[in-house]
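Down below are the structures I want you to see.
In what follows, subunit A forms one complex with subunit B and a second complex with subunit C.
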Partner chain A sequence: MLPLLSLLISLVTLVVARSSTGTDVLVIVSAEEQKDYTLFFEDLEGRGYDLFFREPKAEKPVLLDADVPQFHHVLMLASDTKAFASDITPQNIVELLTKNVNVVVALSPKQNLFYTLAPEFGLVPPPPGTPLISYFPERTDPPTVLPVHVAPGPIVTPNTPPVWFSGIPFSVGNSPLLVPILNAPSESFASDSDSTTESIVESVEKGGEGLWAGSSLGLVTGFQVTDGGRALFLGGGAILSDAFANKALPDGSSSGNKQIAHDVSAWAFQESLVLRIDETSHHVVNATEPKEYYTTNDQVVYTTKISRWNAKENEWEPHTGVDDLQLEFTMLDPHVRTGIPEDLARPGTYSVTFRAPDRHGVFKFIVDYRRKGWTHLKSAITVPVVPPRHDGYPRFLSAAWPYYAGAVSTSVGFVLFAALYLAGETKEAGKKKKE
Partner chain B sequence: MATAYTLPDISPTAVKNTASLVRIVALALISGAAIASRLFAVINFESIIHEFDPWFNYRATKVLASQGFYEFWNWFDPTAWYPLGRVVGGTVYPGLMATSGVIYNVLHKLNLPVDIRNICVLLAPGFSALTAWATYMFTKEMKDASAGLLAAAFIGITPGYISRSVAGSYDNEAIAIFLLMFTFFLWIKAVKLGSALYGSLAALFYFYMVAAWGGYAFITNMIPVHALTLMLMGRYSSRLYVAYCSWYAIGTLSSMQVPFVGFQPVRTSEHMGALGVFGLLQIVAFAQLARAHMSSKQFKDLLFYSVIGIGLIGAGGFVGLTYMGWIAPWTGRFYSLWDTGYAKKYIPIIASVSEHQPTAWPSFFMDLQLLIFLFPAGVILCFRELRDEHVFVIIYALVGSYFAGVMVRLMLTLTPCVCVSAAVAFSSLLDTYLDPAKPEVPVVEETAPATASKPAATATATGTSAIDDVVNAAKKSGKRGIFDLDTRLIIVFNAFCMLSFFVLHCTWVTSNAYSSPSVVLASQNQDGSQHIIDDFREAYYWLRQNTPETSVVMSWWDYGYQIAGMADRPTLVDNNTWNNTHIATVGKAMASTEEVAYPILRKHDVEYVLVIFGGLIGYSGDDINKFLWMVRISQGVWPDEIQEPNYFTPQGEYRVDDRASATMKNSLMYKMSYYRFAELFGGSKQAMDRVRNQRLPTVSPTLDYLDEAFTSENWIVRIYQVKKEDPLGRDLKSANAFTDGKKRKRSKPVSRRRAIM
Partner chain C sequence: MAPKSTSSKATTVSPSSNPVLALWKSYNEQTPDRLRFIDAFLVFLMLTGVIQFVYCVLVTNFPFNAFLAGFSSTVGQFVLTASLRSQVDPENKNEFKEVSPERAFADFAFGSIVLHFFVFNFLG
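Our next item is the complex of A and B:
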């Protein structure tokens, strides 16, 4: 029985992909809407997540208990809900994110608390009641349901077919923490569906000001919180829905909704593109132990080991192939800035040897690696660099030979003089005696 | 010969032996008094290190005692001047720490496990006893042993010296004054005897002095000035040559062994005087030699041309070397000694120190009392004999008086000279009036004027013929003259009273003015009992107990040493004010708005900011009162960003109430000082700053980039924690607004196209 069980477990672990932070997912969704997402939920459960459902107005289960997050991930799919329970506030959601909880938020044309949450991330939703509209390509569906071409990026699987989208776009700010995943088609715009033409004509006359249109608007945008979780903003929850997953594209082929739902949830729940620094070490050349302080002009070796989360294997594996990792040796300003090449003998290990600057002070080894979509890597180790010890300077300097010669010649001269003087003294004394 | 009173008939040897015994006993008692009067600080408060600089010395001594001399020599302190660090071994005068370290090790070798703190606390009183002895030796060379004893007693208890050497005042001056006096004594001895041994000993103690205090430059210039004056007076002798050459050669070479001094003795202008006199002595000596072997005419010509030639070469060489950068020009600190307004204009960091201000007149009386009146008399008495050593005292008096007038802290160097001069004067007075000898009364026919008795006292000493007549007349007039016992008793009693009042004054000043540790403040309760205000230690221990060891604390530089010593946390700036820019950076952070200050704080990894605020209990030495110096110092580096006039009201007043300027109200220092201050008074109009006597606005300032972390019992010390950057990348002001639930203004997407017209 036992071997069979272990075999089963190993099989299960082989199959399921897991998040690097945990498996508990709180889904805040109303009972009616819950039915629309069965395929997505099945996908999540198939990847090993434990789903907990909560009505938007229900008090339990709580997000935070005594400031401790109760779930690893939160899915806010109740986009059409106007009023939420008292603990679901923008402030609490931000707090969850700072505590390494991942949050997925679906916006909708109806205004709710997420309209005050999104601007904090640099995402500005359009006025309420103005969904994204596009009349291209020609199709039988209403203009608010539109296929969107998926641009290649690090998060979504390459060659994903266009996906169906329905919801609102938002303008994407210039925060470097934002990760655009899916942008609106260039011919789409956000508008009140009743008075489309007039409002467009009006704003075009103003030179496009206030026009929510074009490919710079985001539909699905991620946000990597510094030292925290990941947030994912969806213009509408429908992109994850069963209806869109099964809906064929205008040309008859199947849509990419299922694929993108999988990919963005994998990114948002920290399955993919998750890095960490396993260890950093530093020592002088030809030593192994780190020194408490370095002397100016020491040859210093800095080594760091970077791992990537492998969701399939459910383990951290060495992350290879980074060719733009940088080390800064900083005191107020970087005194040394150098690339850290990969140590090919040890996968995932990056190592560099450099000369400590000829300047004493408290320095920091800083590795600050930020790439869109990836977890930010930040490591700072403080270490003092001190001047040489009193006996650490070169003892004899060639430049000082004149001084050595001077000292020696003076000494010799003094001895000679003293000897002559003393010898002469007796003679003189003798002379004096004679007189 | 007539006497005023009969002396007991004792054999001269017995008198001599008793006198030496009395001298020893007197010196022992003087030492006891000197030490005892410095213990007020320990008795009234506790055995604690005082003020600011002593905290660094104490910390350094602990390193020296625990890790040995070589580790101390190579000590790099990464926690000071973060992140620049401080090479302590090379930037410190190690004499004080080495002395304590030696005492500590000796005591431990003797199995006396004395705590290093107690050695540090009691070092200054101990050395004051040695100072008394050195002054005794010095004055003995001037006059005699009795004057020496008086001088020892004076220096032992005079507040001018006590102010720097009470128990706990563990500063370089504590041992430096002893070294100063002893070096001078040895120099005088060397000049008197023409002894190379004493000259070398003087050099040895000069080296000790160089290792102990930056004020060694005073000796470096006093001795050459003395030698030069003697030469100009035509008193050149081989004794002077031997004494000076042995002192200069050995002293300079040995002083260069102190890492902090290094090549300064041959590279800086402050030391060039000594070198110049050394060279001049050689020339003069050579001239003396030449004169002995040449005719007078030849010698005169030779002298004329050589003096001009050498003078030109010397001056040209000096200017040339200075120009080429081989000799450092005078430093700003040096200029500020000559022009008291210089520092205020060019180096605000020096002017900002209260002890660098010019001395106020009352403090001369406060510190020296009776001695300041006797001082000129003593100097004049020195002119009567005018031996070589008296010339020294006269020069010392002139130079010392000038410097004491320029800077409060240099009162200290004047004090020994005042004590010596006053002792000479006082002892002359006593000598005159205790001497039982009565001059013979010659028989003169004239009748004496009734007023003749007054000048008689001085006449005994000087006496021109006219006065002699008068005196003789007075003596003739009978028994009621000045030489009789009753008048002598009046003078001596008067002198005794003066001395008694001097002792009372010294004791009073010492116990009331100079024995406060300033780390602990004392106030009086309504019933007269003492109330201790211990906010500083409370706050420093809070830092020590509640923050990670690596968290950097920013404060104004005054508190750097205390934070390092008591809280054991890295500081940005401290009392070793070697880097003006770094201090100006701190000043800029304090004087700017939060938005400007925050990047500065983050760049320097500051986690806590500490301010001193006295507005609640009326502690006037707080940061708001020092604030203008922060503004001035940072204005010196960033004149475009910080401007002093912005911190005043349009009327030119320095205010903190409603009328304070906007720049002032938005400055980080103002905000940190008055944060939640009005709430303490219930938000009413009652919030009163008791230092500046101004009513604060009812709404306290708000802080977005800092959190209040700790405020001490009497609000003297306030500590703020610097917030981390917002994890969402917003500025902290809008992040706080969001947390407080304030709504953001709606924004629209920015058009990337220009309007087509």
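Our next item is the complex of A and C:
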């Protein structure tokens, strides 16, 4: 019985907690829509997530209880719903993100509270009721259902086939925290599907002004919160749906919807591209313990260890191959800014030796590593840098020997002078006495 | 004030023909031995001071405290010795009535010892 139990436990641990933050997912979706996403939910459960479903208007389970998040991830798929329960507000969603809860939000052509939430992240949706439309490539589907080419990026698996999309685009702001994942095809535009020709003619007359069109519009865009939480905005929940996952592309091959649903949820739920700083240390060369304060011009060694979350193995592993990590030694301004090369003998360890500036004050070792899609790494250690103690300066320098010799010769000269002077005086006194 | 006194080469050139030589001759003849001895020490101090200053300008002023100590020891010793010279000069007797030559030397020795104390503290 006991071996069986332990086997069961090991099996459970094998499956559970593939995300670096936790397994509990709250899915806010209406009962009818829930049936559209069975493949996606199966995929999530297969990766060890515990799904909790909630109707948009149901009061329970709550997002936050006494300001404590109740779930590790929140999936807002109720895109067609107009009214939500009282605790589903933009403020609460932002609150969740600051508490390292990951949020996936699906927008839709129908206006709801997410239309006010998205602009807070630099994503501006078009006017309500204007879905993305494209007449290319030629196909039998309605113009609002279009295949989108997947551009290579750090988040999606390379060579993902085109994916079916239906929903709205949004203009992507220039916030550095935004991570574009899927952009609209260049020949697509957002328009009221009943009057596309009219609106195009109208906007052509205005020189294209006011037309939501082109490949700079986002369809799936991530947002990396500085504290580690991740938000993912979908132009439409349909991209995750069973219908699109099973729908063949115009050329007959299968679509990449299943793949992209897997990839973007892995990113949003902090499975992939998750980094952390395990430890940082600093000391002078040839020492091991950090000094309480450093002296100007000390040779200082700074070492940091970076780990990456491995979702398959369910553990943190050393993150190798970062060649653009930088260390700043700052007092208001960086006095030293240097790259931290990888210590090849110890995987995941990055170490640099530098000379402390010839300037005393309170300095900080700062590592601030932000790359699109990756968790931001930030570490700051404050250390004082003091001038040498009064006996800490170098002494008896060879360059100073003329000065030493000058001082000694003056002293010796004084002694000799005094001796001879006094000798002469006694001689003179003797002379005088003789006279 | 401090002409060369290290050598007393007898010159055969006529004194009246050259004022410098005349000055030199009269210095040798009219200055007491004691004052000429003091002058010799003053010249020595001046030369070591000049050497240090030239070294500082041409080679390095690092470490600057050593330069200050070495150079100021020669300057300070020069000042003290010059004071001694003016006080023991028999011609200045009227100006320093209350200062006997022994008292002048004691002042000189005390001042020098204090000076060298500071110099060696500052030199390191």
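Heads up, the rule we're going with is that the second predicted complex is superposed on the first by the 386 of 435 C-alpha atoms of A that agree within 3 Å, B and C clash if a C-alpha of one lies under 4 Å from a C-alpha of the other, contacts with A are read in each partner's own complex, and residues count from 1 in each chain.
What we mean here is this: a residue touches a chain if its C-beta (ideal position, glycine included) is under 8 Å from a C-beta of that chain, and two chains touch if they have at least 3 such contacts.
This structure is a prediction, so every number in the text was calculated from the model and none was measured.
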Inquiry  = With both complexes overlaid on chain A, does A:L344 touch subunit B (first), subunit C (second), both or neither?
reply    = neither
Query = Between subunit B (first) and subunit C (second), which, if any, makes contact with A:Y403: first, second, both or neither?
reply = second
Task = Pick one for A:T226: touches subunit B only (first), subunit C only (second), both, or neither.
result = first
Ask   = Once the shared chain is lined up, is A:V68 touching subunit B (first), subunit C (second), both, or neither of them?
value = neither
Query = Between subunit B (first) and subunit C (second), which, if any, makes contact with A:F363: first, second, both or neither?
reply = first
Query = According to the contact criterion defined above, which of subunit B and subunit C contacts more residues of subunit A?
reply = B
Inquiry  = Tell me the contact category for A:S411 with respect to subunit B and subunit C: first, second, both or neither.
reply    = second
Task = Flag every residue of subunit B that touches subunit A in the complex, lowest number first.
result = 70, 73-74, 76, 78, 82-85, 87, 89-90, 259, 550, 603-604, 725, 727-730, 738-739, 741, 743-744, 746-756
Ask   = Taking the complex as given, what residues does subunit A use to touch subunit B?
value = 90-91, 94, 97-98, 116, 119-122, 124, 171, 175-177, 206-212, 216-217, 223, 225-228, 293, 331-332, 360-364, 382, 384, 386-387, 389-390
Query = Which part of subunit C faces subunit A closely enough to touch in the complex?
reply = 33-34, 37-38, 41, 44-45, 48-49, 51-52, 55, 59-60, 62-63, 66-67, 69-71, 73-74, 77, 81, 105, 109, 112, 116, 119-120, 123-124
Request  = Going by the contact rule at the top, pick out the subunit A residues touching subunit C in the complex.
outcome  = 395-397, 399-400, 402-407, 409-411, 413-414, 417-418, 420-422, 424-425, 428
